[in-house]
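Alright, structures below, take your time with them.
Two complexes come next, and they have one chain in common, chain A, joined by chain B in the first and chain C in the second.
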Partner chain A sequence: MAKIKALTQEWLDAYKAAIVADPEYKQIAKDWEGSVSLICNADPGKGIPEPIYMFQDYWHGDVGEFVVCDKAKADSAKFVMTGDYSRWKQVALKELDATKALLQGKLKMKGDLPYVVRNIKTVNKVIDILGAFETQWPDDPE
Partner chain B sequence: MGYDSDLSFNYFGPTKIIFGIDSSKDVEIEMGPYGGTKAVVVTDEGIIKAGLIDHIVKALGTKCVGVFSDIPQDTGVEVVDAGAAFAKKNGADIVVSVGGGSVIDTAKGMCMIITEGGSLRDFNGVQLLSRPQTPHVVIPTTAGTGSEVTNVAVIMDKQMGQKRLIVEHFNIPRLAILDPKMTAKLPKLMTAGTGMDAMTHAVEALHAMPHEPITDGLAIHAIRLLSRYLPLCVANGNDLVARGQVQIAATMAGWAFGLSGVGNIHALAHSIGAVAHVPHGIANGILIAECMEFNIESCPEEYALVAEAFGVREKGMDDMDAAKAAIAAMRAFTKKIGHPQKLSEMKVKENDIVKAAELSLGDGAILNNPRLVLDASEMLGIYKKVL
Partner chain C sequence: MADTIVENRADEVPFSYVIAELLTSNLQQKPNKMKTFQNMYGVVGLNLPDIEAAITLIFAGGRVRIDPGIVGKPDLTIISSSEKIISLNAINIKFGLPYYFDEAGMNVLKQLASGELKIKGMFFHPILLTRLTKIMSVM
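Now for the complex of A and B:
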């Protein structure tokens, strides 16, 4: 299977499909309400000339809109997570624990921390799925 | 002790420490390198009545543009916003906080609003800042919170009905002046309670999931200092040598937990503080041994280090035996310093602990606990044992 280019609409579609296909996700995420945006800061040297904004809608174990979007839509999400390209890649490759990254300032999160903590199993599950499909990263050799 | 092969961490402790009797008189000299020339002093009425502010205002001279002192025991979002408005109105460009945790955390919030504008309620998240904030000089009047060196502020949000945990690397105080005289007037109970806050920071820094060798070193020596000098402070508040060593221990423990995190003791203490207004340090001191019992199977090696620091690890003890000895030592220690043993002594009721147990599952501290916490009933069980 061909690798999917990271941080593209195709990649988000694959991510959504992987979440839907996961046998445990629906049950684990049954209490989660609300959208999450991932913002990847620009890093021209690594193939990210402009920031990339990705909006994902989650609701009680169902998944809705997963789109590459503009800044305004990304900022409208219930939770907005921002980080450098290299950090997102490390999270996806499971080289960096997202919770630890937040506390160390490697990622930023706007949103209600207690809500995230109460639903940490859901958060960990979607991060786990993020690395579940073959991805072509912009700074990796083709 | 061993560490995982994938150990990775950031160590970041940018606060300059000035220690010594009467060092608080040097505040104007020491704040020079940080660029501020218009200082707002942040404190509370108790500190003013105790006569701990006059010499600082005098030392600042014309660089003091005002004193903000309307701060309750548990500070809130509205308090921070009011303090920031006061500072801006007076043109402040540096903040000098003189007090305990509530005062220091208020000042941390004020530094953010002075720099970024808006209300503290706008800062709902983690590590949101992207530039250094208004310089902050801390002169602690308690020895416990360690807030003088951490990136953390705990601010009550009445709208949320919960304490808000603000974590910002760009808002760590630039300078902390540890003057033992500033803690000499603390009453016995406050001395014991704030000291147990420091002890809890040290123990939690050791057992928190992200702990690492540097923070372990700080935590272990903090426990050694506290076990030796905190009883001396409680017995004689004017023992400035002991006061000073406890101040240093609190700062070391602050550095340790500020980087490695805390666990279920703090999650439970924050929550019972929010529900029943139990002072934070006293809540920690009441909960610490029972929380260690809860965690013991997950971190016997770390608690064995606590036993070593207390000097109760005997020859031939394995880690689990030593961990049990640490818990016994902790119980004995809290009794020795006259610390409350039960939440009911702080007027906590059965329905308070039910609410607090639910609340604790949303506290960021619980993420770093060495034993995974899955259900509020587990936390309720701990509360019941110390009710």
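Now for the complex of A and C:
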């Protein structure tokens, strides 16, 4: 199966499909309400010339819109997570725990933090799925 | 306002922002925690050796100051991995006390038993620990 280019609309579509297909996700996320944006900071040296904004809509175990978007839409999400490209790649490849990254300041989050902690299983589940499909990262050899 | 009573002097420790944000949001969202907070006096150290980060929370009756590192000899010192520390915030509160007989509570007890989580001073300062658990719980 061909690898999907990371941080593209195709990649987000694959991510959404993987979440929908996960047998446990719907139950784990039954209490989650609200959209999440992932922002990948620019890193021209790694093939990311400009920041990439990704908006994802989650609602009680269902998933809605998953789109690469502009800054305004990303900022409108209930939760906004921002990090450098290398950090997102490490998280997806499970080389870096997302909670650890947050506590180290390697990822930053805007939004209701107590809500996230209350629903940490949902967060961990979607992060776990992030690395569940073959991805071509911009700085990997083709 | 709650955000004026949490003074973060640990700018260089990113972890301090997470703790300050959790505490501030909790006090704003659940005013019943404020009464507990107003009765808190004591010093609590939080040490996360795996990310080489530590802070000290100095509670003074409705105010808390966060200093970088472990300052002096805290009444309580919590030592945990960064991945596990968040589980402490998931403890349920029942009848005004931390509840250890559900999944979240048992998880914390298991971490204590295995040594993954250490709380120095817990037997000498149980009231401070109970109050800390109440104000930090997001449940």
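Note that the second predicted complex is superposed on the first by the 142 of 142 C-alpha atoms of A that agree within 3 Å, B and C clash if a C-alpha of one lies under 4 Å from a C-alpha of the other, contacts with A are read in each partner's own complex, and residues count from 1 in each chain.
Operating definition for what follows: a contact is a pair of C-beta atoms (placed from the backbone, for glycine too) under 8 Å apart; a residue touches a chain by one contact, two chains touch by 3 or more.
The structure presented is a predicted model; accordingly, all values stated were derived computationally and were not measured.
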Room on chain A for both chain B and chain C (clash or fit): clash
Chain B versus chain C as contact partner of A:118, first or second or both or neither: both
First, second, both or neither for A:100, with chain B first and chain C second: both
Partner with the higher number of touched chain A residues, chain C or chain B: B
Region of chain B that runs into chain C when the structures are aligned on their shared chain, from 40-48, 58-66, 76-84 or 130-138: 76-84
Where chain A meets both chain C and chain B, residue numbers: 99-100, 102-105, 112-115, 117-118, 120
Parts of chain A lying in touch with chain B, wherever the complex brings them together: 80, 99-100, 102-105, 107-115, 117-118, 120
Touching residues on chain A, where the partner in the complex is chain C: 97, 99-100, 102-105, 112-115, 117-118, 120
Chain A partner contacts - residues on chain B that touch it in the complex: 9-10, 124-128, 130, 160, 162, 165, 167, 169, 210, 261, 361-364, 366-367
List of chain C residues in touch with chain A within their complex: 14-15, 17-18, 21-22, 25-26, 29, 48, 50-51, 53, 82-83, 85-86, 89-90, 138-139
